[in-house]
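Presented below are the structures under discussion, each in the form of structure tokens.
After this come two complexes, each holding chain A, first together with chain B and then together with chain C.
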Partner chain A sequence: MSAAMDNSAVGPRPGNRLSALFWRRPGLSLAGLVLPPVLWMVLIYIAALAVLFVAAFWSVDDFTGEIVRKWTLANFQEIVTSPTYRRIAFRTIGMAALVTLTDAVLAFPVAYFMARVAGPRLRLALITAVVLPLWSSYLARVYAWRLILSHDGALNWGLKALGLPPADIGYTNVAMWIVFSYIWLPFMIMPVYAALERIPRNYFEASQDLGARGGRTFLKVVLPLAMPGLVAGSIFSFSLTLGDYITPVLVGGPGSDFIGNVVYSNVGVANNIPFAAAYATVPLVLMAGYLWLARRIGAFDVM
Partner chain B sequence: MLKAVTPEVERTADAAKDETLVSIRGLRKAFKGTVAVHDLDLDIRRGEFFTMLGPSGSGKTTTLRLIAGFERPDSGTISLDGQDMARRAPFERDVNTVFQDYALFPHMSVAENIAYGLKARRLPRAEVEARVVEALRMVQLEALGARRPDQLSGGQRQRVGLARAIVNRPRLLLLDEPLGALDLKLRQDMQMELKQIQERLGITFLYVTHDQEEALSMSDRVAVFNDGRIEQIAPPAEIYERPATDFVAGFVGTSTILTRGGRRLVLRPEKLQLSYAPGVFDGPEWHAERGVIRESVYAGIFTRHIIALDTGETVVAVQQNHRPYAPDARRGALVWVGWRKDEVFALTG
Partner chain C sequence: MKTNRMRKAMVAAMAVALTSPQFAMAAPAKPNYPAKIGKSEGQLNIVAWEGYAQDDWIKPFEKETGCHVNRKYAGSSDEMVALMRSGGGGQYDLVSASGDATLRLIYGGDVQPLDMKLLTHWNDFLPNMKSPPYNTVGGLHYGMSYEWGPNVLMWNADKIKEAPKSWAAIYSDEYKGKITVPDNPIQIADAALYLMKTQPALGIKNPYELTKTQLEAAVVLLKKQRPLIKKYWALASDEIELFKNGDAIIGAAWPYQTNALKAAGMNVKDTVPVEGATGWADSWMLSTKSKHVNCAYKFLNYVSSPKVQAEQAIYFGETPANPKACSAMDKIEAGSCEKYHLNAPASYYKQIHFWQTPLPTCTNGKRDCTSYGDWQKAWQRVKG
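Coming up: the complex of A and B.
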């Protein structure tokens, strides 16, 4: 029997010969595995970024509207000196930070309940409920919020029914804050849940055993061990808010422009791609720094 | 053996030995209809090394977890120095636990782990530091206070787990199979060390294990658990030499139970003697039976023989390998198995 197996293993079939070649030359099989994703990354991702970055140092001729391929720092100068662009950048970053903080505060108890309190069936139901909104279109959900928050929307109907004054928060930064927080909440809950779920039960027991009450156990054991999950979630909520330009248009007011909106209008209406590229590097650089920090905290271990 | 205690301390410790520290009455715990602990009564004396021994699922770990406060009892009391603490939270009990898989906090250094309980009790910083250093010295890890748990070996981690518990100087220390994850050699070293630390500190140890050798070699007294109940509580030698029940006779050590003259005898392998000729065990104090060696297993220090008696029953006997041993030489040989009547214990009931 073993002789028959040996025969088939070293047989002359081409598939076997290829396998044998890969076995003899491990470097070859590694190259075969790694090459496609590396090519994809370099061509589609890195190359596009590089073009974007290079284009940020070009300019547009005021008269002809043609792109002038000459190195200049004019775009960056304008971003730094113009109060409007500065304000828009700070609004975008501030909103991203606020949304991230809000989501962290909202997500933690939900994730904790899912990971440490709920039984297996309730847990599954909750995970489904958290992920479910992601199955419907982003646009539809933002529009739904627009209807809820607008002057004649569901929110004001409810307030009126309760005899309370109407909350006119439709088309404001407050509306944006609410909608962003809602939209990115699942992206915060899931990594925090994953981090909390991985904490062994006997850490809780050891902490209590050593005389720590709930508050100390939370601050000294649970929170530090959940931190990678919180950071992972914040990468999502922060970067997704930073790059968004649809929600500001749909639920924001006249003074709600984001970096993305400026980029959009420069690519489309103004046809100033170099400036768009320069402005787009602002969130890029910001996120690169944030990711570097997150990696040091160990956030990528739970993703 | 190393004795660090002064004579005075020793005397007071001895005087206090008969005093009850932990008193458990009618303790009961069921999980989803399965009773893990049946109306348990148990007294543990001050300064004692007390071991709960039993197979997995026998209720020993559940009992320990009830004492620690990790589980809530269905009924019963757990008194520590006369005060019932059965319904107190773990952080309200003057009890600390050494966990089987260490449960060291991975994001803290060794020193921070050890200081955790002291900080929770808000002791002054200088005292915390002094006691952490002292605890590190006691478990011989002085140099490793700054390390993280994942930079330590299994044995070192367990020492940290021990230091983290004893640094709080609890009235009762619970140890849940603390050596279960270590290899044999390390386990034996740690057994000695645990025993020495226990004697030096005078802390009452409540030790859970399924390893009968560990229980016999370390404990002052052993409680043998089976199916949520205690079968016997006694010092190690008594557990081994005079088992109270069939279960104890079978679980602690190897034994064959034979009924002779209406008495059920517990035959320990090392109490049986072998002769390849008749007439050796002829005195009135002897009892002898004939059989055939079915199997001989060489185990270094001794050889284990499985013998089929003429009655059809099988007994196990061991012989020390005083002389160089020729493997398999005795298989199939006719043999006389003898024991001294006064050396064999008869089960009651």
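Coming up: the complex of A and C.
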């Protein structure tokens, strides 16, 4: 009673009035809560994508270098018809797929060991070991591989010590494949580990009780339950490879350009932003399709 | 609160981006000469190549003039152009633009003519550095030449005993898989220069002015070269590493790489081959919207003085525009004046074709030349 008296004497504080307003109109508080992230999404993601997509239909005047804002399909036409841009797109997608497959094959046994075999202490050590490289700079790791694979590098030095002929894989697509597979491996191991860890122990027992041996248990129980983890990991390794342009520059040879490199040189060197925008929609469309597929498999449940 | 402010800034930025006429067609800026170099404004913002604004000569300048120099280093010609246009121009006063960027800045209206009467050392410059076509348009000097150098043929003298004399060395099978050239569309000019000498029937007069047929011929040559290449280098340090690790033993380079490799104890040599060479020449250019014109002119006079010209040349491994720097160079490093060909006869300069922005209009006025955009696309086709 006396508190209420005090309040009326001073007048309601603005904070109280606001909370009263929210209490009377629950819809308003919901809007206040949701609006900032929605605005953020719309402005940062959707608007940027929309601008990108619209710019893809513009062109650049050859003579003045200025952007001509007239609708044209010329950029897309060039991407589809020019063998160069087709080859680069296929190279990028092929490499992304290959790296994803390699990482899946490498990550599965490691993740399985971590989740189902190793004791808690060893598991912690392994998780740390897997994540540790992510704490060093991406560039430092790529440069390290460049030194390993170069002509007089550690690899050829080791081969020579063993009496074997030198492997000339520095600055080739093989070098890119090795480096990409190495760099994105932690992103595959972690989700697969999370998926495998969630499989209840009694599923294995039930499978055995029903007479399934190791191989059958793996195919019918473990793999289907690990699938969402594998797909989640593949989203990382696939999209990260698809969008990369630094590794091709650093460890690739002649004929190693990715979609990202073409976009980079069109924005930076040629100032042809419309063409860069058009080419940038290729991985965008691809990833959208891939994510849609991944969602259907249920990959987002374990992320 | 922070996100809210950021969001507002974002909205504002987008509104500006959508409404500002940043892509509007521009023409070269008109002269707006100061009557004389007045009092220092206290500040000077410059865009420069790394190694072009060392404390060794910037600190004394600041002390002498009271102009504090704010430095921004750019990694490529394209970045320089972008920086000079950022924020509507005027954020930076001076830029050390190379010849493949100067015309873009001039025709973009981003830089203004300089009054050569106010530049005391300009009269001493090498004759071909006074009004070169890449910084002088219609008799107006949009830039003051600074330093220059050739793109040389460099090789590992331990692996290649007989000194190559022709660019043919990087177009033939002899060093297959051991060759490196720059990853830059302007590299097409190197091929065009080689064709100019080896296939006169193509009628190439200037390696930076190519018709569609001539450009195609250069692409054919470069596509044939591609299987011979170990790597197209993007940074000078890439090439240095390629040579150090034995991945490449011959390639197109700048004298800077030769010096760096020699300093690291490698036995490398370089030459300007019989066909001549392409080369770069940098100019200091003044922003059309510069707010520190007095400091800018003071800076131009300072960096064109023999002493600073010599310091810059030796630091970077290039040649000054002011031949009076010769004795100053020899004082810093005996024999360096000759090493960088500052005392060479005019015939030496004649064999160097300085970088120029390829424009769709040829010098004869015809519009059948290929643009830088064409070159960039062609280069992408070469690299595959």
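Here is the rule we use: the second predicted complex is superposed on the first by the 277 of 303 C-alpha atoms of A that agree within 3 Å, B and C clash if a C-alpha of one lies under 4 Å from a C-alpha of the other, contacts with A are read in each partner's own complex, and residues count from 1 in each chain.
Criterion: a residue touches a chain if its C-beta (ideal position, glycine included) is under 8 Å from a C-beta of that chain, and two chains touch if they have at least 3 such contacts.
Source: prediction; values computed, not measured.
In the three-chain model built by superposing on chain A, chain B fits alongside chain C with no clash.
More chain A residues lie in contact with C than with the other chain of the pair chain B and chain C. Once chain A of one complex is fitted onto chain A of the other, the partner contacts of A:153 are limited to chain C, with no touch recorded for chain B. When the two structures are aligned on the shared chain, A:87 is found in touch with chain C, with no touch to chain B.
By the touch criterion defined above, A:216 reaches chain B but does not reach chain C.
Using the contact criterion defined above for the overlaid structures, shared-chain residue A:200 touches chain B, although it does not reach chain C. After overlaying the two complexes on the shared chain, residue contacts for A:291 are found with neither chain B nor chain C. In the superposition on chain A, A:225 makes contact with chain B only, not with chain C. With chain A used as the common frame, the shortest Cα distance separating chain B from chain C works out to 42 Å. On the side of chain A, the complex with chain B involves touching residues 200, 202-203, 205-213, 216, 220-221, 224-225. By the touch criterion given at the top, residues 36, 39-40, 43-44, 47, 60, 62-67, 82, 84-85, 87-88, 146-147, 150-153, 168, 170-171, 249, 252-255, 257, 262, 265-266, 268-272 of chain A touch chain C in their complex. Across the complex, chain C meets chain A through its residues 3-4, 7, 10-11, 14, 23-25, 76, 78-79, 81-82, 104, 107-108, 177, 183, 185, 226-227, 229-232, 234, 241, 245-247, 360-361, 367, 371-374, 376-377, 380-381, 383-384. Listing the residues of chain B that touch chain A in their complex gives 68-70, 89-91, 95-97, 99, 101, 103-107, 116-117, 120-121, 164-165, 168.
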